[in-house]
Structures are given as C-alpha cells and as structure tokens.
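Look at the two complexes coming up: chain A is in both, with chain B in one and chain C in the other.
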Partner chain A sequence: MRLAGRPSPWGLGVGALALVLALPVLVVVVNLAEPAGEVWTHLAETVLADYVINSLLLMGGVTAGTLSMGVTTAWLVAMCEFPGRRIFQWALLLPMAMPAYIIAYTYTGLLDVAGPVQTLLRDAFGWSWGDYWFPEVRSLPGAVAMLSLVLYPYVYLLARAAFLEQSAAALEAGRTLGAGPWRGFFTVALPLARPAVITGLSLALMETLADYGTVQYFGVDTFTTGIFRTWFGLGDATAAAQLAAVLLGFVFLLILLERWSRRQSRYHHGGARRRQVPFRLRGTRGGLAAGACLAPLAFGFLIPASQLAVWAWRTGPALVDARFLELMRNSLLLAVGAALMVLLLALIMAYGRRLRPSPLMHAAVNVAGLGYAVPGTVIAIGVMLPFAWLDNTVDGWARAQLGLSTGLLLSGTLFALLFAYAVRFLAVSLQTVEAGLGRIRPSMDDAARSLGRRPWQVLQEIHAPLLGGTLLTALLLVFVDVLKELPATLILRPFNFNTLAVRTYELATDERLADASGAALAIVLAGIVPVVLLSRAIARTGERHAT
Partner chain B sequence: MRIAVFLSFLLSLASAATTAAYASSAGEVNIYSSRKEDLIRPLLERFSEQTGVRVNLVTGKDDALIQRLVSEGANSPADLLITADAGRLHRAKAAGVLQPVDSATLVAAIPGAYRDPQNHWFGLSLRARPIWYVKDRVDPKALSSYADLADPRWKKRVCVRSSGNIYNQSMLAALIAHDGEEDAFTWAEGLVKNLARKPAGGDRDQIKAAAAGQCDLAIANTYYVGGMLTSADPADRAAAEKLTVFWPDQQGRGVHVNVSGVGLTAAARHKTDAVRLMEFLVSDEAQRWYAESNFEYPVKPGVPWNATLEGFGRFKADDLPMAKLGELNGAAVKLMDRAGWK
Partner chain C sequence: MRLEVDTVTLGYGAKLVVQETGFCLEPGSLGCLLGPSGCGKTTLLRAVAGFEPVRGGRIRLGGETVSEPGYTLAPERRGVGMVFQDFALFPHLSVADNMGFGLRGWSRGERKARIERLLELIGLPGAGAMYPHQLSGGQQQRVAVGRALAPRPRLLLLDEPFSGLDVELREGLAREVRAILQQEGTTALMVTHDQLEAFAWADQIGVMHAGRIVQWDSAYDLYHQPADRFVADFIGQGVLLPGRVREGRRVETELGFITGELPIACRPGCEVEVLIRPDDVEFAEYGLRVEVLDRAFRGAEYLYTLGLPSGARVLCLTHSHNTHAVGDQVRLRLEADHLVMFPRTEATEALPLAS
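Take a look at the complex of A and B:
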C-alpha cells in the first residue's frame, strides 16, 4: 500500500540528491534561454543537417548491431547447450573492457590502406591502390561496427540475466504447446525479456550519443563533434551548449521509451525459479551457435586485443615502470570508488521512486539520469562551473568576514572528479537496479511493510538478497565505464594525477599508437578481472536456481 | 557495517585528494599544459634539478584548460598555461586569464612574430606544416605553393586531415590573413575537390596513405614525419621514407608555421619562479631539446637543429604575427564548413 501525501524524508532526500546531480546538466540547459546567435544560421545552412542525419544513422546502426549480437548470444548461452557455451557465457562480456576509441584506432591500424591486411593483399596479388575495393574503416558504417562491437555486451548482459531469471514454467508451457526453440524464443522468451533488452539498448545508445573519440577519429560529423567544433572552433560556447541541449532532447526520448517499455509489461518472477532445461544443439546447429557467439567475441575482443599485444610487445616492456604502476593504482582507485558511490546513489533513488512514485519523484530521477548520454567534456564543464562558483563565493565570504582565503576547496580535487563520474554514470547503475527491482513483486514490499519493517529494512532484508546479481552488475558496469572514461578525467583531475586512460589518450592523439598500446592493454586487462568475476557470480546464481 | 566501511573508503579518497591538490610551499610552479606530458615533463624535471623548484603538472585539452582557468578565476592554482598552438594562447589572452611578463631574456630570445605584442604569451618551439610528395610519382618541379594545391591537375591526389583539426584551422586562418576570405574560400573549395579521400585520421595517417598509393601529396607537420622516420615500427619508417618534404611559397610569404608556447596566468601566485621557468624554456639547452625529442624547430635563432631536421633542409617561414591565427580561427572554421571540408 502506498500513500501519497505529506513529503517523506525519502521524497525530500531523493529530490535534493537529484537536484544536485542534475546541476551540471542544468548548467547546459540554462543556455537555451540565451538568444540564438548568427552561428545558428551558419550551422543550419552548412552542417546541422549532417549532424542530425549522422547521429540518427549511427543510433539506428548501433541498435541493429547491438540487438542482433546481444540478444542472439544471450539466448544461445542462456537457453541452449552447445560446444563452448560455458566459456562464451563469460567471454562474451570481454569486449566491454575495450574502450571504443581504442578499438577504432586498432582497426584503423589493421584495415587502413597502409595497414597489414591491405598491404598483404597488394603484395600477394600485385595490385596497387585503386585496383581493388576494400571497405573504408573510417566511415559511418565503420563507426557503427566499432560501437556495436564494444556496446553489445550491455544488451547481452541484461538480456541473459532476464532469460535466466524467467520462470522456466512459462517456456515449458510453450513447449508443451509445441513451440520449438524458435517459436519459444519469439513468442515467449523475447517478450518477457523485452524490458531488460530495451534497458541494455538504451544504455548502448546513450553511450553512442556521448561518444566523441571514435566519430572524431573516423571523420563522422555527429552532434557531439558538432558541439566541440562550435565551441572550440567557432568559439561560441552558448551555441555549443544549445546544441548539447538539443542532444539532451534525444536522450529524453530514449529514457521515455525505456520507461514506456517497462511500464507496458508488469512481469514479475513467478514462484521458485528453476533453470530451463536447455535446448541441445548438436552437429551443424551446435557449430552455428558456437560461430554466432565466437564472431562478436573475436571481432570485439580477440583480434583488437591481439593487435594491441603485438604492438606492446614491439615497443618493449620498457613501458612498465614505477610510473605505470602508479597509473594502474590511480585508475583502479577511481573506478572502485566511483562504482561504490554510484551504486549507493542509484539504490537510494531507485528505492525512493519505488516507495513514492509521485510525478515529481519520476521527474527528479529521470533528470538525474540524463548525464549518461552527455559527452564527458560537457559534464566536466558543467561540474567545473558550479564548483568554482561555490569555491570562489566561499572564498570571497571568508576574505570579507574572517580576513583569510580558503582558495579552491572543491575544484581540482578528486571529489569533483568523482562527482562528475556520478553524474555521468548514474544512469547505468540506476537502470540496472531499477530493472532488477522491477522484477521483484511490489506485493513483497507490502507484505514486509505490513509486518512492521521500515523501508530501509525492506531494502536490506528483502531486496538486497534478491538483487545480488543485479547489484554486482551495476557495480561492474560503472567500474568498467570509469576505467575507460577519458574526457572528464582529463579536465577535472588534480595536479600530477594521471590514469591509464589519460596516458593512452596522450600517446594515441600524438599518433603514437604502438606506444599507447601498453596502457590500452592494461585498461583492457584491468577491466577483464571484474568482468570474469561478475560473470562467474551470475553463472553461479543461474545454477543455484537450477538446483 | 558495510556502509561504514564504504564511507571510510570515500573519506580516505577525499583526504588523499585534498593533500594531493594543494601543498603551496615556497619554490613551486603549477602548470596547466595542453602539450602532452611526454613532450614537456623531461624539460620540467631538468628545471627542477637545476633550481630545486617543484613543478606540478596537469595536462589536458587547450580549450578545456582555458575554461578551467576562467571559471577558477583569481583563485586558480595555475601559474603557467602551456599550449601547442598560438591560436589558443590568443584565446586565453582574450579571455583575460593571462598577464604580461616583462622579461628581457624572453624578448631577446624570441623573434617578434612568435610572441604576443603585449607580452601576454611567448612562443617556445616552431611547428612547420609543409607539403610532402611521393618521390616516385611527383616531380618536385611541379610543386610551388599552397595555392597551387587547389589546381585541378592535382584532382584526387591530395591527402589532408579533417577541418576539425587546429593545424588546418590555423593554416586557413593564415591564408585568410594574407589573401582575404574570398580567395581563401576559393582555395578551400579547390582543395576539397582535389582530395583523394574523405579527410580522416591524423597527420601520420596522411603520410601512410600517400606511401600506400592512395594519394601523391600530403599536408603534414614535420614532427610527425620525424617521429615516423625514427619509429621503432619498421612499417612507419618505410612509409615515411617514400615521401620527401617540399617547402611551399619560398619565393613568396614562406611555409605556414605555428608555435607551441607559454603564458603567465593572471592568477599566478608563484610569479618569480614561473618566470624563471619561462626563461629556462628558451635557454639553448631547452631549445635543443625540442628538436631532439620531438622534431620541432627551436624558436630561438642560432640554436643548432638535429640531424633529421637538417635533413629536411632550411626554409623560409611565414612571418605573419601568430596572434592573427587566433583572431581568424572562427572565420577559418566557418569557411571550411562552407567549402565542404569535412
């Protein structure tokens, strides 16, 4: 039973938290009130159409790419038995450890005109450039491929969890009615898993919208590159912020779509969950299934990681010194800290909304989650401005009242950086937690409350144990995201504080790809450990339900 | 319990952050730099060795660093801003985050064109942007100037990176300064028609594409080619060796150059040591280092070049005041948008 009415501590707390977290995004939106300058006329006459069309095509392509790879592999691994399934169930997550800009650099190195593949073709057949057709990596389709390969794990992860958590009874009912694997998939399992799939997809699309490194390197003009060009090239911060606000419009649509999809389906767990008896795929069909899982793994991880390893080997192990270990430590410290902090925030907000689903609460939580699709640089500036204002105001007050200077208290500290991570990645954690919470029947909350439990106790005693895998997923996703995060880290970090991503970026933008490979590989390796841990934990959850 | 552990973890992070951020003892200089760490840190360490002054560094993108300076205002911890191009220094000056430096050493070492007329910023190294041609396919006698690259006879034969890049923006800004917007636009349109492929990748990628046969001419900064010629990767060396430098406009205004440079921030608290560091950066030792470590040209006349740079030959550089590049940057970007330069 839920009572609307007088404001609860939950409502006020979540509202205040959401407001603070939304501040950097609001700083951007405020610019909409400024008059649109002549830069807009210039943009509209020249490049704006390109930005819109390319962004839409990119999103369309990534939707097709991540859904086809993510859902197919999730279904195969969760519901079928074929050679290699046990390995694939965790290995399919590996591309997630690969930053998009790194995979873009790597494939360019491999497939470019001057790369080993085309050189080999030319040498082998005596061709010269122009005699043969070869797909251009640095193109819109190339960007779609790169982003899909590293983003499909979001869909895979959430879809697989959903397939595993589905009541076996539903599928078995389908089977007794004569539905084979295909019909069972399309008529029963996929509709049941749809909310989770859409959640994964919306995460992937938000990442796509926020991507700068890949599209910039590939020369594909999107909204994000447009924001930077307008801001830095044309020197018009207001028009750039207005472009960013338009970008937020896209994101809001995505979030609404995700909410709508989840509202359409109020499916909760049936009683005891038993693992579905897997469909056994033998012979050719087993081979096809293994191939379908191997392809994204190979292209999204094995091939680029091998190329990085070759480069790292060539540039020599001289790169791994004391400073390298410090980079590693900094990266891990930030990622762990941010993951824990963001999870805590997400739990508070998701739970607040579950408890008090008022329109205001919905709005607050939605706005707080917008940051995920905003390019990191924009968030960083949005964090920098209010923090510096606060610091300078406090300093001014202290000078006037106490005759001393407090200087900058928050700006240029790790706190500012962690705050930016929270703004940027809250959506990842929030959506995962909410998807998990959504699968727990509200009647359980009501039962616990009627037994006299406080909301906080319900969270601890009922939800946390049921959410085990979900919480772990949320932690992992943010951990890996922070490990890869570059723009906010670059802008907000304190003096003499570098991370693996910063190091990789510095060498890669200096076009020293081979030298960058050591640090890039370290990001990938550091990302793998939690990915494997998580997938083992999830696998155990799956099997526990099977017994 | 778990929450307590988590909170104490956050607290320890926060305290680590505050101790790392501020330690304003004497003998310290704080730097915001858009020059990559590898391309500045060794010089700073040398300065610290010689003077005992501790140097704190944070690197990042120029515009973001300028934004950081602006928003931090008078309380900014930074003493120096180091950037990789003159346009951004001009922008920092315009934003009011730099202050003039009165140093006879700096003025004596740096030719007038390569520093701000009001001494708000100073060039430290020169970066030239010549034309590179494939030896086997192009007769250097056919080459003359940047303007000639827009001639239809080079149709589908030129490689250049995207217009989002500051080096191209500065190059076009220089063109606008010399010839006016109309001519610069006609040139950009002609160049776009002559491109062998859609602009993508960095300067090194243009060299590689030319070596692989996709184009015959490439526009690229010298230090990228220098880096390729001395790379550990044999494929890089092989590609760079297929191309030769051509210094354009030697009869006219000279090859387009840009500077990396430094400015003293308006908020600087360690002014004396900061100016000492600026002066160290134009010492002969530091100036030689630019060439030896990154194939940039010393801004100070008379400082010897290294062998690779001598191999490219001496050239006449455009002496357009660098400040112009910053002033005309926005105009250059708009012009490239109109010309369809992606």
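Take a look at the complex of A and C:
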C-alpha cells in the first residue's frame, strides 16, 4: 500500500461527497452573478423591502419570545426546587414535536371567528360578530407567537445545560457577597450562560428563516414565500435563486453567530458541579414558578395537541381511508429511505475524518454539514436548477445524436427529493455519529488493524456493533425531520406524490383544518420520539446534577 | 524475528519527532525504548507497527523492508502484534472472542486450541466466556497480551503496557509478561518512561532523548556506563563532582582518588566531572568530614544528602540503621567500582542530578 504522494481513496471520496452536497448552496450563490432580470428589478422596487422588514420583525419577535420563555424556564428548572420540576424538565421539550405550520393551523382553527374560543365568548357575553375586538391570529404577531412557542425549546435546552454546568462556586461566591437569587441570576449565572443562550437562539432563528408553512398561511410576506411566488407565480428561476441568495446571507450571519458563541462557551466550563438545587421555592412562589413553566408547555403543546386530537376523534372514521394509508406509506418510505441514506453518508464522512484527520478532510466534512442552517426552500431551488440543466442538456444531446427525447431524468423524481434531504439533514446524523465515534478510543482501531483488519472491516466489526444505539438515534432524528419537512418536499416531490406534511398543508390551505388533523396528529406523534430520546438524556443529567 | 530500525526520521506536519535514529533487535530478545514523555518513543513504536509513515530511513522486519519514505506496509499486513496502554479490549466481545479476533482463517479446532492454550498461559483458564468489564485491570492487561500473541506475531509491541495499573501490580506483571513472552519465543519491543519497569523487563534498553536513541545497552551498562550526561541524569540518581585527571589512570576529586579505565581521552591534568552514584560513597571511621543536609527514609535504607566542604553535594544510600540527624558531621569515603566522567563544562559547581 503506497501512501505518500497520493491522496487516499477516503480523502477523495469524502471530498467528492462534500462537493456534491455543497452543490445546491453553490448554485444559489453563483446565481448572484447572473445579470439581474426584469423580474428582479420589479421585486427590488416593490416587495424586497417588505421581505427584509418582515423577516427582521419576525426574527426580533422570535428573539424576544424564545429568550423570555427559554431562559426563564431553564433557570427555574435548573436552579430552583418547586412542585413539578422533575416533570417540567423534560416536558418543556414537548413543543419541539409540533411543527410550526401545524401549530399555526391549529390555533387558527381555535381562535378564528367560528372557532370554539370566540363562540364561547359570544355565548357567554351575548356579543355578536363585530361587537368586540379580538386579536387576529393570522398576522405577523401571530406568526411570532407560533414560532416562539415551538422554537423556545432550543434556548431552553442549551441554557439549562449551561446553568447546570456552571461551577457551584461561582454562584455561591456571589451569594456570600450578598447577591440573592435575582441579583445572582443577572450578575453571575446569566452572563456565564450567555454563549449557550446565543447558540440556542441562533438555532431558533435559523428555523424562523427556514419557515414556510406558517408565514404562508398567515399571509406574512418573507423570503421563503417570496421565493415560492417568484418561482411558481412569476416563473423566474434566476430571480428566485437571487432571492434565495439574499436569504442565505442572513443565514450565514446566523452561522457565524452560532460558531462564535460556541467558541466562547468553551472558556466558561469547569469547576465542581453542583449537587444541590440552590433555591427552594414554596407556597405562592412555588406556584408562580410552576405556572411560568406550565404556560409555554400548555400553549406550545398541550392545547394544540388536544385540539388536534379532538378534531381527529370527530372526523376519525372518515380519516383513515385508502388515501390516508397511501400518505402514511409514502411518508414512511421516504423518511426511512432518507434516514438510511443520510446515515450511510454520515458514517462515511465521520469515519473518513477519523481515519485521515487532515485539514482538507475537516473542511470537507464541515462544508457538508452546513445544510442544517439552509432553509429547505433554498436547497430545493439549488437542487432544481442543476438537475433541470442536466436533464435539458442530456435531452438536447439525445435529440441531436439519437433522435429521441430522454425527457426528465432527475427533475421531479424521488432521487431529487432524497438528495435535498441529504443536504438539509446530514448534519443531524453527522453530529450524532461523530459523538458516538468520539466515545470509541482510537486504540480500538489500532488494535483491530494490528490484528489483521482493513479499515472498512474495522468499521464493520468494531465500530458498527459499538455504535448500535447511536446509529438508531441518528436514524430516528433524521426520520422525524424528514416527516416534518414541508417546503423542499412541496417543491421537489414527484407529480401526484403526497406525504403527510404536504397533505396537511394542502387541506389547511383549503381551510379544511379539521380534515388535516389526522395527518397533522401523525406528524406530531412521530415528532415526540426524538423528544423522548432527548428527555431521557436530560433525566439522566438531571439525576446526576440535582438529587 | 529480527527488527532493524535504520536512521529513521518521523514527524507530524512541520515538526520532526524522531530524527535519524536506529537500533537492532535480535530474534527472541526483549527490547525497550525508555525516555521522558515527548521524546518520540511512542511515535517510533507506532512507526514500527505501521501506523506512522517514515520520512527518512528504513524499517526492516526479518529482512523485509516494511517502511521507507513513500512506502508503508499497512499495519494489518505486517504480522506485528500490539498491546495498548489502555488495553483496547473490544467491549462487545467476550474474552475468547477478543483473543480469537486475530485468528481469522484458522480452523475452528485450531482456533479453540490456541485460545485455550493462551488462556492457560496468561493464568486465566476458564475465563473465555467473560466480558472485559468483568475483569480486573491486571486481568484485562493479560488478556490484551494474550490477544496480541494469539496470531503468533513476528514481533510484539507494547505501548506503556503497565502504566494503567496500580504501582504494586506493575513490577510483578512486568515479570509475568516477560515469562510469557519467553515461553512463546516472541521478539518484543516495549515503550515506557519507568526505568524500574524497563530494568525488570528488557534485555536491551534504548534511552531516548529529543527524538534520538542516545544509548542502546543492557540495564547494567546504562547505569554504570552512561554514554552522556542525559543518560547519567535520567538513569538512577547521582551527582557530578569536579575532578582532575592524574597519572596512572586516576582521577582526583574532593572525596579522594578513583581508579579505572578512562572512558574519554584525557591527559593528566585535564579537568573533568565524575559521576558519583549514591552507592559509590559510604560512611567511614575516617575520610572527608561532611555535613548531613537532608535525609529521606526509605524503609530499608536512608538516602542522605551530604554537603562537602567545597559546597558541593553528594547523595549517599545506606542501611537504615546508620542514623544521623540533619546537621550532624560524618565522615565519608569513596567506594566506586566504575569510573564515569565527562569533560568539564563552564559550570564548575557540582550539579545535583534528579532521579
């Protein structure tokens, strides 16, 4: 085996994979260099300012919402003892199972004029329609509320971990210097947890920018809806890609923010861990704490999930028909296929990096993992353009040379959709697999090599069995993400190919909210699986930290 | 099988870790690379295993070149066994499966017989069905040795194999492993920073310093005939005392004359430094008056630090019934069998050497 002077097959393979996975983003960026067409000029003059302002307002609102809910609940659960703390510490994650578009449909059904809340008010007070003021859900503030309710768990998760990891001594030193719970929180704990809080926030904001279902339904014009309209309404691919590139600029800033805050947080660890919950809240204060935790949980999960369940119960028998079963089958096949494919890619990349940790390899793996921040809409455009170009080129060549048309080879196929999922969700799998591999000491690899195994045999005989549970987790996380994904699926799905998410969207757009409940409930139930996985990990750290 | 490491250079990126160094290990003998952490000994061992490519030089195993610049025979094709510092037992495999891991291609019967023989050899008969986490540290260590020996490697490498174990276990296990290797007739190379472990285990020891093997010798010769100041300092304890060469192969020091073969070319009158080990001096009825500056009780012995009239210090190891308090005046005389000296450097003061 000659090694020096030639790049290894692993290096070449991982590099090539990374390049292919980076293709959609590159395509979108390259489109910036295209001369701006009429449509773009039109967009720039009319709606672009709205997109930017709405996106900024949305991000500002979600920042306020997720920070207030996420940090408060994290602090209470990590630092205070009050009734229900043990349940809240995992239950506060449940809203993560609720895709933003589904919670938006549900609250619309609950709060609109014909919904149970307004009906109840009218009946109770004898009002009639038009007599009274009621907040309009389908608005920008409504979208902020919906997104905040399902995205605050990102902040909660990271802030809670940061509060728990803070050295006991820091807060105790603060207390001996006269800082009580409130001052201790603002002067010691919060500054120490800031990097983690910002990381969580940047993840929540990435999801906000990526959201399509909620803003589309609420009629709030942002980049994602603009891209859709430009592509399908105005039929201008270049202008759509240019919009996507502007959106990517926002995303890139968020990635920088996230990387920066993660680097900061490295210096904030250390010291002995706390064994005791420092503050005990009793009586009214305990009740207030429990209420503060119950509110986001109730509004973010319990109420909408119950409403979905009620709708599904009422429409139940009519729901489970052949069509619904086909939706289930499509969704499951797609999600399982994507999860397996993404896992395979993640394994190759993670193992390649372990085998040959060169700077080039690190760069390749990092680039391939960037897709988690890129909105599904942008990825869909980035997949669509090169695939269409390839189809046209092959077709043109075949017509000229062979006198026949090859038609669409890649566009509108499941392959295009799976490819988009791979770009978007590789990071989820990659992080899980790399964390798992990191727990296997490198001497295991060396031992197996010195006992006569080739690198891929080591992967098969040592890593695969040792990774067992980790691989299952990686599969599940991607499975659920694919099940929930809406915009990319909407754009790239083959003609007449429906999934649960797409069907929910279609029915909701037709204002058949109750009929959408079956598919929506199925997605939410599947979404609970990763929450359970996370909360099991949380329960373990909770036991360690706070008994 | 004979291992030749010939002027090998190793490095990571721009940093050279091992520079043009080499040694030769004869078939059936046990060698050891000894040195402080960061001296490049583990990198050299990993290069022999095939995990690190060489930048220069050549590694040969039984006459076959396995490493040279641009060529590295993959570790799995070398027939070289390795025992790791953390043992690296596969946690998902039983003891028997761990030991049988390298026996691919053996028939079922041969495999079983080989595993059973090795379990016996390492003193764990009947433990084949157990899993690594059920074993103690010492037992895991022996399984790791058995696993590496199972495929009858051409050469066995051991990377700090005893450092993960309790101090009380180390020397006993080192001797036990030595016996096992001798019974199998294996050629082996170990890496350690612990000289007692190296002394208890190896036939030949290479002392490494800053990427080079500075001396390849037996333990006895390393102690009594160190090749340079580094080896003198690293192996055992002692101090360097100023001296002057006199006629008749004698060296005069403050403590008296030492006679012996002059290891460096010196004329009478030239200034040198002489290595005085703690066992080279003893308390006497007559001799130089020295002051007790410090003493360390070691059970059977005392290690005294003694101040000479010139201000130089020497160490003296003596029976623990020779009790003197700090500040006492005692008399000391030389009783050295070996003359070890180096050319005098600028520093004329005697340098106390750490252990």
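Methods note: the second predicted complex is superposed on the first by the 324 of 547 C-alpha atoms of A that agree within 3 Å, B and C clash if a C-alpha of one lies under 4 Å from a C-alpha of the other, contacts with A are read in each partner's own complex, and residues count from 1 in each chain.
Here is the rule we use: a residue touches a chain if its C-beta (ideal position, glycine included) is under 8 Å from a C-beta of that chain, and two chains touch if they have at least 3 such contacts.
What you are looking at is a predicted structure, and each value in this text was computed from that prediction instead of being measured.
Of the two partner chains, chain B is the only one touched by A:W231; chain C is not. When both complexes are overlaid on chain A, the residue A:G130 reaches chain B alone and has no touch with chain C.
Counting the residues of chain A touched by each of chain B and chain C gives the higher count for B. By the touch criterion defined above, A:G403 reaches neither chain B nor chain C.
In the superposition on chain A, A:G219 makes contact with chain B only, while chain C stays out of contact range. In the superposed model, A:L466 makes contact with chain C only, not with chain B.
In the superposition on chain A, A:R453 makes contact with chain C only, not with chain B. Touch criterion not met for A:P9: it reaches neither chain B nor chain C.
In the superposition on chain A, A:V47 contacts chain B only, with no contact to chain C.
Chain A uses no single residue to touch chain B in one structure and chain C in the other. In the complex of the two chains, the chain B residues touching chain A come out as 6, 9-10, 13-14, 16-18, 20-22, 30, 36-39, 56-65, 67-68, 71-77, 91, 162, 164, 169, 197-205, 208-209, 211-214, 224, 227, 231-233, 235, 239, 329-330, 333-334, 337-338, 342. Residues 49-51, 53, 69-78, 80-82, 84-86, 88, 90-92, 101-102, 104, 147-148, 151, 157 of chain C are the ones touching chain A in the complex.
By the touch criterion given at the top, residues 42, 46-47, 108, 112-114, 116, 118-119, 122, 128-130, 136, 138-139, 216-219, 221, 225, 228-229, 231-236, 314-316, 333, 337, 340-341, 344, 377, 380-381, 384-385, 388-389, 391-392, 395, 405, 407-408, 411-415, 418, 490-491, 493-498, 502, 506-507, 509-512, 514 of chain A touch chain B in their complex.
On the side of chain A, the complex with chain C involves touching residues 1-5, 441, 443-444, 446-454, 462, 465-466.
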